[in-house]
Amino acid sequence: MSILLDASARVVVQGITGRQGTFHAQRMAEAGTAVVAGVTPGRAGAAVDGLPGVPVFNTMAEAVSDTGANAACIFVPPPFAADAILEDIAAGLELIVCITEGIPTIDMLRVMPVLRASSSRLIGPNCPGIAVPGANVKVGIMPWEIHAPGRVGVVSRSGTLTYEVVQHLTDSGLGQSAAVGIGGDPIIGTRFTDVLELYEQDDQTDGIVLLGEIGGGDEEQAARFISERVTKPVSAFIAGKTAPPERRMGHAGAIVSGSEGTAAGKETALREAGVCVGDTPREAVDLLAAQLR
Amino acid sequence: MSILLDASARVVVQGITGRQGTFHAQRMAEAGTAVVAGVTPGRAGAAVDGLPGVPVFNTMAEAVSDTGANAACIFVPPPFAADAILEDIAAGLELIVCITEGIPTIDMLRVMPVLRASSSRLIGPNCPGIAVPGANVKVGIMPWEIHAPGRVGVVSRSGTLTYEVVQHLTDSGLGQSAAVGIGGDPIIGTRFTDVLELYEQDDQTDGIVLLGEIGGGDEEQAARFISERVTKPVSAFIAGKTAPPERRMGHAGAIVSGSEGTAAGKETALREAGVCVGDTPREAVDLLAAQLR
Amino acid sequence: MKVHESDARRIFADRGLPVPPSRVATTPDESATAAGEFGGLVVVKALVLAGGRGKAGGVKLADGPEAAREAAEAILGIEIRGERVRRVLVAPAVDIDREIYLGVTIDRERQSAVVMASAAGGIDIEEVAADTPEAIQRIEFDVARGVEAWQARAVGFALGLGGRQVLDFVGILNGLVRAFVECDASLAEVNPLVVSPDGKLWAIDAKLNIDDNALGRRPELEQLRDDAAEEPAEALARAAGISYIKLDGDIGCMVNGAGLAMATMDVVKHYGGEPANFLDVGGGAGAERVSAALSIILDDPNVRAVFVNIFGGITRADDVAQGVLAARESMPRAVPLVVRLMGTNEAEGLRLLADAGIQAERSMDAAARLAVEAVR
Amino acid sequence: MKVHESDARRIFADRGLPVPPSRVATTPDESATAAGEFGGLVVVKALVLAGGRGKAGGVKLADGPEAAREAAEAILGIEIRGERVRRVLVAPAVDIDREIYLGVTIDRERQSAVVMASAAGGIDIEEVAADTPEAIQRIEFDVARGVEAWQARAVGFALGLGGRQVLDFVGILNGLVRAFVECDASLAEVNPLVVSPDGKLWAIDAKLNIDDNALGRRPELEQLRDDAAEEPAEALARAAGISYIKLDGDIGCMVNGAGLAMATMDVVKHYGGEPANFLDVGGGAGAERVSAALSIILDDPNVRAVFVNIFGGITRADDVAQGVLAARESMPRAVPLVVRLMGTNEAEGLRLLADAGIQAERSMDAAARLAVEAVR
């Protein structure tokens, strides 16, 4: 078993007829993911370039009833993405990965009560998704070729920074049990603590790399969780040490305000929880590697 | 045990400083009900006429934490009554009886999802409340002196019609195990079927009188429930046989429209479910009395 | 409270529904002028609150101003279910390819607000509901959240609409749901929602009923009330907080509580009498309201006896007795008065009546029989 | 996006908040005129988006037109956190009995919208939050439902307000929540909400920050943007869909993804360099956006080398390579260009660069060291 995702995933790509949707549906299928359908309202019956035999439906309910799908990967534009999540929850999907960046926060706040009352797991939004190299399955946009099966779990608020660390893990021979990008927005479906708990219980994971960034208190919350509940070695890198205070750094979440949310504060909290904190992404990998050897 | 209410009820009267609130709080206390507090926002600390020692609070949370209240009786004006129900649900009250008539339906629709997700039981709105003569307790506005302990359960959509039947039951020597007015509005917290189920399971109830009226499909639903689930004798009276079709008869619920909701349709459905239907309220009582002898 | 089609059209159009333009005309000339402005084929419709306008000859197509004048002449002044037509609505006719039903109302059975939609629009939706319930798409929704776009899309596709039409349909459905919630409606309906041959959607009718309980907080909707479409006595009663409906019998009934009021009529009928009215004085009625109710009843010349049937709960018997006595003082004409009075503060109420020489009954059945005898 | 106090006051007042009247003045004369109109004591405040106006001398009380003129003279033209004061807001001063804090924002920890209120208003709420968190009343709420009246009342009573004030407070809180939701805000704040000696409540300051992700559907709010309060290069970048923040170093950074962009700055610094900027070209950037990003970086005269660090996911390496090559063609000046390019379509991207004579790095650390060496 791996976390969140294994070979049983049957994935519907929402927005499959768009440029990004088609491209990444192809890449997912190439990686080994069972892409069983696409959904684009008004495009039912359309053919998907490079994916013959993958039907397109108008609604997620039809996709689920016709293909037995249990997971979705969302590429629809920001104004419609929260609605796509709600459609997936109503369709009873177990796993929803929302790639879309730029969803208004109020829309996500409207999603949260419905999500909490459901049994669906949402990853993201504004995230790269999940890759499980050992099971030949990815749901998301991460470049597949940088991954290698291994025993380190990666969890990250940032997309491309995840790739950076995955590449180092592969280069250093450690590989990944899974890599999960939880997304950088203020309101997300799955948080550091959720994924840390999954890794802690996963018998294919020996150590964890956590990638945080300035803003919010998620890393501090993760530090508390690690000190109380995580027995496996954890290393971390916090992006934004050189960012000026009180300036927004692109991510909605990356706002340094007052005493909370600084890189220094997060690093201290993590160190006090027994986490090895690297000055660079590579150093975080090296510190974990040293512990695992 | 009786249904919905027994001597353990500790009742807060919301709107206790108003004319109706004060008057009926006094009547409830006289009947034997433990009226433990009142709530009127902005009137904390006020004295209640005729009820020395009953404290008034600004909020229900304070009333509950200071007095251990578990039930509420709402007399606040219609524009504020739905909010009072929501306050009671949040305060964790087991039983909420809403007397207020004229609450906008949209307000009640806003209440319903919150009510369903809670463990509170709402009776009403626009109802006379609940009386349990054998336990010397009433929460509501019904005249107490017409009641007598007995073994017939009354359930009714109409307030004063309930009194009529309660009086007949008392006069005929049958008395009541309980009398519950569920209210005549389209959206109510507790329905015929809920109360029928409680009476069916209540070992102090031998027979049931159901008082319906034209409009809606609640009596037809009750008929289906009775034929499937109720083993005790049931008699009924349906008000509105002489009402012209398509005319509103005061109650929001009493609109005859199309094939559903007529007195004749309801009477037929009930008779087919084995219910004795009286032409007058008194006849409904007599028919039940004959079965119980 | 029912709202006239002209007002409902404006309210729906304000929320983005594709409502064709229209004019209200009170004379055949105005109708002709409106038809001339629009050009081409127009529809002339009686502006009445009653249903069944079409079958009653209240809706006509007219090609050009002269035809519109004739249509208005034929419609203005007729009575539809007792309501005289004083105004017509003139609107451009829309070519019809398909007719869809779309309505938002309250589902009492499921205790929820609900959207209903059917590809079989244009006819009575309740017939469709009774005969082929599976032909009706339903969305139960939380009024705090409205309908989600995906739900509206699913209904649009199920109605057989195409991709672009579904987008329009989502907007129409959301607009109608907003009208329902924002106007505290009990019904917001477009029947039919027309698909024209060029694929466009048009709301060519508009129906909006407002929850009477919410009018207090919607003064702008209360202003849309058409008093002239109402019985004057009923309007008078409403202003006094009384529910009153005139009927054809001779025994006036004054009762507290709608259920008991209907039961009272039923019992009067059961003993061979004919109720002259339904009247519910409402909960907690004081002496003044009781007094006002009695004068409304006596304003009906058919009334030859009055049956007062009060079982006090939140209403108090002593208040009622005072109201009855005050009304008797100023009674325009003497008719037999049968009073049945019980419940809250009963003893005090009975004492007041007895002091004034009125012997109240305790049994509704006995009192009803007395009232029936009084008019024989 | 931050909104000026003058606009926030109007938005709050439109939703029923008791905001005193005010005028915006661009000159000392206008300020004096406004003070004359209001009469009595006025407050003259710098209209800047930056915080800390008070400490920076941007807020002054003035008794009468002459004093208001002097206050405006003192404030107009000063710089507050790098932002030049071009306008002042003039409003009648309100007598203060108590100061309450009231704000609506997003609680990331609890993943919910939240109302925060404190009887200790007027000072930095974050200090209160840190030192005496129990002094802050909180209501987490569902944005679809808003805050229920009973919740607002409970907070009002907990703040020590009286019955009549609590009613007003409920209206104020609901208005602020509506402003938050209807404007897609990340923060809607009144600090202080003043209780005047006569017991009335007054919102004498107004702060509103809008969620940038929602501006697309709020064109009326986008129009409130003050470009002049922004670095020109940052405004330019924003229009191109790029996040750019100018810093003081000499190594320009062009990166995809905010996290990697910050990490790139951190690594440059780690190897002894100074980043000239934060720049995230955003997800799925095509050649044009990459090219635009490079020109923005090179418009900064301090930049002596550019470090392109792209790890493609949704962004494709071949698109990036094309953008880099296009930008190099039109580069206003020649600076060393260090490119690190990996990820989606990596092979094609590297080939394009190699064909143009650019040897891309595979390691971020190695590339960062090269960039640092290039400016030594």
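All chains are identified by letter, namely A, B, C and D, in their written order; residue positions are counted from 1 within each chain.
Here, contacts are C-beta pairs under 8 Å (C-beta built on N, C-alpha and C of every residue); 3 or more make two chains touch, one makes a residue touch a chain.
For clarity, every value in this text was computed on a predicted model and none was experimentally measured.
Colleague: Comparing the two chain pairs, does A-C have more C-beta contacts than A-D, or is it the other way round?
Modeller: A-D
Colleague: Roughly how far is subunit A from subunit D, going centre to centre by Cα mean, in whole Å?
Modeller: So the centre of subunit A lies 27 Å away from the centre of subunit D.
Colleague: Between subunit A and subunit B, what distance separates the C-alpha centroids? Give it in angstrom.
Modeller: Centre-to-centre distance between subunit A and subunit B: 52 Å.
Colleague: Where the centres are mean C-alpha positions, what is the separation of subunit A from subunit C, in Å?
Modeller: 55
Colleague: Residues of subunit B touching 2+ other chains?
Modeller: In subunit B, the residues touching two or more other chains are 110.
Colleague: Can you list every residue of subunit C that touches 2 or more other chains, as numbers and ranges?
Modeller: Residue numbers touching two or more other chains: 142, 144-145.
Colleague: How would one label the connectivity among the chains shown: line, ring, star, complete, or other?
Modeller: other
Colleague: Let me know each pair of chains that touch one another.
Modeller: Touch list across chains, by label: A-C, A-D, B-C, B-D, C-D.
Colleague: Please give the residue numbers of subunit D that touch subunit A in the complex, ascending.
Modeller: Result: residues 106, 108-109, 111-113, 126, 130, 142-144, 181, 184, 186, 211-214, 216-217, 243, 245, 247, 255-263, 265-270, 275, 278, 280, 282-284, 311-314, 342-344, 346, 364-365 of subunit D touch subunit A.
Colleague: Okay, in this complex, where on subunit D does subunit C touch?
Modeller: 142, 144-145
Colleague: Can you check the complex and tell me which residues of subunit B touch subunit D?
Modeller: Within the complex, subunit B touches subunit D at residues 41-44, 58-61, 80, 83-84, 86-87, 90, 110.
Colleague: Quick check: in the complex, which residue numbers of subunit D touch subunit B?
Modeller: 145, 148-151, 153-154, 157, 162-164, 166-167
Colleague: For a test of understanding, state which residues of subunit A touch subunit D in their complex under the given definition.
Modeller: Residue positions touching the partner: 20, 24, 27, 78-79, 99, 101-106, 109-110, 112-113, 128, 140-143, 145-146, 156-161, 163-164, 167, 184, 186-188, 191, 211, 213-214, 216-218, 221, 237, 239-244, 247-254, 257-259, 279-282.
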